[in-house]
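The letters A, B and C name the chains in turn, as written, and every chain counts its residues from 1.
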Amino acid sequence: MYQLTLQQFTGPIEKLLELIEEKKLPVAELSLAEVTADFLNYLKTIKEVEPRILADFVVVASRLLLIKSKSLLPNLELTEEEERGIKDLEERLRRYQAFKPAINLFKKTWEQKGYSVSRPLFHGRPPVFYPPKDLDVKILHSAVNSIFETLKQLSPEVQTIELSAISLEEKIKEIIKRLESGIQQFGKLTKEKSRSEVIVLFIALLHLLRDQIIKAEQKQGFSDIIIEKHGSSK
Amino acid sequence: MDHPNNQNIIGAIEAVLFVYGEPMEIKRIAKILKISESKIKEVLQQLEQEFSIENRGLKLIFSDSPAGERVQLATKPEFVSIIESIIKEESKDNLTPATLETLSLIAYLGPLSRAQIDFYRGVNSSFILRALLMRGLVERFPAPKKANIYLYQPSFDLLKYLGISKIEELPEYERYKSQIPSTK
Amino acid sequence: MDHPNNQNIIGAIEAVLFVYGEPMEIKRIAKILKISESKIKEVLQQLEQEFSIENRGLKLIFSDSPAGERVQLATKPEFVSIIESIIKEESKDNLTPATLETLSLIAYLGPLSRAQIDFYRGVNSSFILRALLMRGLVERFPAPKKANIYLYQPSFDLLKYLGISKIEELPEYERYKSQIPSTK
């Protein structure tokens, strides 16, 4: 019943807001840069418990990384789309922050002891056989067939989500391996990768940076990032 | 009840009889409300009087049983034709997508529990199951070894109406029956 | 009805809602009783007032739908402990964080499309919505003029669980409702 574990997680917006509020920061670009590392750490825990929702968290993480990079590299020029992405994240956080007290009010109301009970349809009346006019075996057959078709379509949806939740750990290992094999440009690492893979690779890169496993350098905005293992040749 | 007065005892009795639907022993009402039987009888009289006012659509029906006097909440007789017209109208409903979907699931994969039907349909099926029961299209029986769980299957009348003598005669019955998707 | 006055219309509505049990469109009640919709609405208000008296155990619950306003008869929440001793209701368990998040959004801001809910939560909500539909806590309707888009809103069962008569009774409802969500 993976749906049950799935339900233990709120969305990334809620999580991000929680991290910001924990540090008593306002919802602003600088605060987002501040909590990036915490968010990435949380990402790691989800990945272990519920990989299926990782994909949605990765999208938010990639925006955070952009913000973080911008704060670290003041010269970094962002595209219009990227700027819009950051503004959009801030806007969502503000909205969520404004709505959040309502969640608690709802919870309190739900937890109140009393509730109402109604009666089922025609309670206590005996059944009267009343078949629908145009019902026959053919119609039943085609109805059951289309239900099975719909159910088949449901399963791939689950698979796609799993596929897109690319393992962060795998990517970290990949970077280390590639570095060992001599590749030093981020551009080469990401060659021919899907968009979401590039994002995960970049997150992995930042992880390695934070844990001081690697050094990275970008000569100027949009130029390739040069990566080196710390204490190289180890 | 904590501080019973005649007023909220009346309300409580009305609520209990409303939900229960069937005739209920006065003894049992007394036990549920933790009030003496004589007090319940007194309050029931008061309630009966209130129902007699024109703007009420309900009334109390008293009956005797070996276990003692019973009381039931029911509609006043003057509304019988209105009630019959609703029942008739509700049954006239033609084959809606929900009806067809639920009925075909029960026919091909039954006996099924409500939870299983909910899973296949992706929505709650309590109302539609109740409607199918009322129209005599399906019947239910308690699931073996599981408390409060019912299993639904096609009614005998439905098979007859479809012109088949057993459910296995449905087209491709085995094919669907054998690949029941997991309810995981 | 032949000589309708407010008094016996009240009684008739009470009888109809009692027998039908499920939420009923006001439009349909008007059709059954052959009385104008506005008259039914007026009388329902009167009935609601009468239910508010202490000695009544029942109340009315209201909710809108694309087909118009609906109304259902149910017990007052304060009698829940007595009711629980005679029927086994599905327990009102604690809500998981994701369920609570999604349900609050739908309750305060609904009707909402899945895209709107996703926008707020920043996560794909299809599994959670499916689970909520299956539990019958939310209901959905096709969005007007948009193919394949559904709008989600609180169900009557949710209102009953919350012990409120209409969604507007949620604490500080108006304040949050005015934060109209963007579809982006």
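FYI, contacts are C-beta pairs under 8 Å (C-beta built on N, C-alpha and C of every residue); 3 or more make two chains touch, one makes a residue touch a chain.
Fair warning: this is a prediction, and the values are worked out from it, not measured in the lab.
Colleague: Using C-alpha centres only, name the chain that sits farthest from subunit A.
Modeller: So the chain farthest away from subunit A turns out to be B.
Colleague: What chain sits nearest the middle when you go by CA atom centres?
Modeller: Most central by this criterion: C.
Colleague: Just how far, in Å, is the C-alpha centre of subunit B from the one of subunit A?
Modeller: 44
Colleague: From the mean C-alpha coordinate of subunit B to that of subunit C, what's the distance rounded to whole Å?
Modeller: Computed value for the inter-centroid distance: 20 Å.
Colleague: Can you work out the whole-Å distance between the CA centroids of subunit A and subunit C?
Modeller: So the centre of subunit A lies 33 Å away from the centre of subunit C.
Colleague: Check each residue of subunit A and list the ones that touch at least two other chains.
Modeller: 117, 119-123, 125
Colleague: Could you check subunit B for residues that touch two or more other chains and list them?
Modeller: 18-19, 126-127
Colleague: Where on subunit C is subunit A touching in the complex?
Modeller: Per the stated touch rule, the residues are 18-22, 59, 61, 72-78, 80-81, 83, 87, 89, 92, 94-101, 103-105, 107-109, 119-124, 126-128, 131, 156, 159-164, 170-172, 176, 179, 181, 184.
Colleague: Show which residues of subunit C lie in contact with subunit B when the two form their complex.
Modeller: 6-8, 10-16, 18-20, 22, 32-33, 50, 54-58, 73, 75-76, 79, 82-83, 85-88, 130, 133-136, 140, 155, 157
Colleague: Which of the residues in subunit A come into contact with subunit B in the complex?
Modeller: 1, 117, 119-125, 127-141, 143-145, 147-148, 151
Colleague: Which positions of subunit A touch subunit C when the two form their complex?
Modeller: Touching subunit C from subunit A are residues 3-4, 6-14, 16, 53, 55-57, 59-60, 88, 92, 95-96, 98-99, 101-103, 105-123, 125, 157, 161.
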